[in-house]
């Protein structure tokens, strides 16, 4: 049995069990996921300032996950808060939702667009694509213009996703779409269907599924991040 | 239960069950893999000419896998023979060992080297990296100079892998290594250990594990390739 | 006298002499071209699956061309079927219509668009640009949406070419255009004239001319492909 | 008179006046610099974990600088801790030492190497180059293997810098060198001279000078960062 | 006191003192700028042919500037005429308006557009971006379609700039704008304001300010161009 | 019969007929080449300053060639002096030796090195590769350290070429070599043979042959440069 820690980089009233159920449907038997929220920090991550606020707490949860014997961890947020620092501070593989979604998309077609919540995340998402060397395959970054905490209204969300997805496909020539917020999880299939109804058969990557499956994949391969890129730093005081 | 077809693009006397056992150790419960060899073609894949010879047969096996109800398929060869054509001809996701290994490596460090069997595969591997847009992260392509059909001698193989791996790390500044032939599967851990003994802590990606886990990941996400990149072509006569 | 083998990677009722006449008008005195069709394979090449089907036969014709003493060969199809394998298997230079057209375009302006027959060739064309490292200069890939075997209707073709060419120039900022199918040969001048009539002075590359002149150029320079990229493989059984 | 806030992202016993004197020699009359340390955080920045620890405090100092009427700010650390978040949270231009050094180097020659303190900063520096789109001009990242807090020993430092600089020039073909730590400020001229003595005339960029002059340049141009990339976020609680 | 020579690569009736006043407002106390026109050459620079005509004369003025003891020089034209040759022939740092504007823009947002006078400068501007390795961050090159010698009509200019700027921001996704002609100097603030009135907060880089401040920055850092890229050539006869 | 003007951008005592003979051996019957020297300018081209000095004269010869009815022109120098300006000023296609050699090399293998006369040309050659978008395929630029006017000593030249070629192949992983000076024409075959004797089968591109055959190819295709990139400028006074 593989055990994966899902790190929620926000303070939230939504119980961890709800999130665990959401991501478990992507997983085979033999993989168990346990979620944990950070102790203090932002209620949602919608900017680089939010990333800075959350990152230190994400490191703490990740280090604890290693001590608790988890096989891998995944950061449950498309902005990948603290991802680079976490990899320096742990000896278990750690996946980010933004990074893994883009790498998955890279195997599905020649270009991809990200549809995120707000324009305030454009810089963060562009940086992830640049860091991976995939910015030339990024057709566009679009947003539904709905704050994270209002994503519950699934009708409004799907309508906005469909609008931006059609623009991404028709205007920006995206061959693959990525939901640019883990809070959008569960809408990929419905969005794919709406696009098919409009005559466009393009896959939609769910970042929640991508990060948890990426973590499982790395654990299954017995891999951890390179110490040439991510030195191991035991930071007592953190 | 997810069922994955592992396509072996060579004619071979090694029973499918042996290969199934080799890759199953990467998989969690709930994922089953069944291998199938092509009916005619090369005994090993060591050049673009071999790729051409095998590709048509790979398409046939993949199409049959879809009819048989498999959830996904993986091509068991680092040269990804027929990968692009297969994706056009099937409605299940298909992973390639070369492609998935490079995408996995891209999340582990800033640069990677591939160590393959013979220099005759350099062009093929470079093309895969270029197609993915990752050629600038490819530190080098090196070879152990051992033909595929002689990889059984694991001592000789590991010695040659260690020699080239040390060069890749020290001279080419590789932060991650990839075994450039599925016939090398099972040596990644031993190679990692030898490198640690030489003072280098770098991950080694096993392409057999990468392609089977990539197939599982795509199936888990419910994704198939974009029809904008890979038109669906029902080719009766193939 | 230079002798060039033009390899037609399709089965076709159009006599070789017709094709020879079509391409000879690009050539100076002192260069002779002889065409040869493959023995079995697709009737047209409109997908990666077609490429796979034709590639092995292309290798055979190319190897025979070498034995027959030709100075160079050119593959008469924009999808470059078998190009990489052929280069491994022969000691005469071999040109591809897709590859040579893009390299010619790269010397004519800062960006180029390809206008091909069907959207099913987008992946193939993108891969050629990526392999050459020119994908960032590719303004767009457009299609006239006419199957290869219906290209005879020159009025319909030219009308569709003009429509897509104007879009490529006005919307995609293409400075150079490439006809993305050798079956379109002979329409470049007329298309250039129509674009001038619309106020756009942009060159249109004819892929049939490009591949035959590229083959002549390599033969004139006494060059063959690098054995570091394309190992020479004498494949008895092919 | 332009007033620039120099943000020191470490806790330190070195008085701000010492740092102010160090950077003032790069400035013309008419530009005044005032330094301020963060209230709590790391003693030095040698990893991404250190960056995470410092970033939130850097934002606070930067926001205060805006309220105090400074014309611009510069972050006095090559790792650019908090740079992206700071730009979201302020309406004055903010320079980073890593970013501005690389952009200066880009105008001095066709390739540059960074010589930093420890290998633990390689990932951070590579990411800055990638984010700027300049990673293909980065010849290498080398380190003197001296922790920041031991840089006081200038003889040891210069000797190590010379050793790595000669390797960067001879082996990595660097045409320009960048000191990869603001703690190395003041050694650029001496290093240039030593390289000239070895027959290599290459410029050495001082990151302390680069960031303060970059801040002055942006202020002089009346420019601030784009709100399309860096949304303005008034974050009450930070 | 830093002394900077501003090289005007055109013959012109506008006195040098007018240009000096224009650029001095970007400079702090302690930096003095003196302009000098070339002796013969084009009246404006609107093509590569104009660049060729002016370049030799620019070299002469630059060499004289070095002899006269200037600390740095800047070429007052966005096309950077003679920039590469000047750097070979002098031992003082030399800035180009095109090059420095793009490097400044690279620190302000993820993409930039250049709005120049005429389409005839597109090739030149694209080459500068390519040489710097920044062509993938260049959202577009647009022109106001006004010859240099008619830029005096500031109302017409601003109206055209606003029109193209709005297109660059809305259609081309530019996050930063650059005025692509030093003759447009002084309009950046007004253009920024008009864009804000349309709801877009994007910085506009003034190339006159950029080149003079870049020259001051290099002089302040004590840097000159790399002799590995720009060999020093004492050319007696020039 | 195609007539091509070969523009010699130097003043020289070597008669045009000698150069015509040198390049004619690359050409088929049916193509005639006539050389012409510039009237005044440098004796050799070894720097960007030399390029500036020659460029204006090259434009004059090219414009005359158009008036004289030539079908195409080629500039007989690897530094491509005046190439961009010439294309603006003429309505016949114009080839450059540097540009065409790199595009030819791009079809022969995955990477190429240029071996030129002196290190002073490194910047020029890098810029050509960057402008074409091929800098990532450029393995290295090396020099034989022999001035152009001393290339007559063929033994010395070949020995130096062999030394640098072996380094390019072994150290820099070049798969293709380019002679980086038209003055080296005629040594490619001998160099190829020497490399074969050392166990390396790599093609060597002769820039004199490449530029003349490129000009013939463009003329054969009936192509001229894009007016979107190269506006046509009738410059009376030049």
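By written order: A, B, C, D, E and F. Residues from 1 in each chain.
Here is the rule we use: a contact is a pair of C-beta atoms (placed from the backbone, for glycine too) under 8 Å apart; a residue touches a chain by one contact, two chains touch by 3 or more.
Values in this document were obtained by computation on a predicted structure and should not be read as measured data.
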Task: Check the residue numbers that chain A and chain D use where they touch, and answer same if over half are used by both copies, otherwise different.
output: same
Query: With chain centres set to the mean of the C-alpha atoms, which chain is at the far end from chain C?
result: D
- prompt: Equivalent interface to C-F, which of A-B, B-D or A-E, with over half of contact pairs matching by residue number?
  reply: A-B
- prompt: Distance from the CA centroid of chain C to that of chain E, rounded to the nearest Å?
  reply: 42
Statement: chain B to chain C, mean C-alpha position gap in Å, rounds to 31
Statement: For chain E, residue numbers touching 2 or more other chains are 110, 122-123, 126, 133, 135-136, 228-230
Message: So with touch defined the way it is at the top, what topology do the chains form here? Options are line, ring, star, complete, other.
response: other
Task: By the touch definition up top, name every chain pair that qualifies.
output: A-B, A-C, A-D, A-E, B-C, B-D, B-F, C-E, C-F, D-E, D-F, E-F
Field: Contact set on chain C toward chain A in their complex
entry: 122-123, 126, 135-136, 140
Query: What does chain A use to touch chain B in their complex?
result: 1-2, 26-31, 95, 99-100, 103-104, 106-110, 132-134, 136-137, 169, 175-176, 188-189, 200-206, 209-210, 213-214, 216-218, 220-230, 232
Message: Quick check on the complex: what are the chain C residues that touch chain B?
response: 47-49, 51-53, 55-56, 59, 82, 84-85, 87-89, 118-120, 122-124, 126-127, 130-131, 133, 135, 228-231, 233, 235, 238
Message: Show me the residue ranges of chain A that touch chain C in the complex, using the header's touch definition.
response: 110, 136, 173
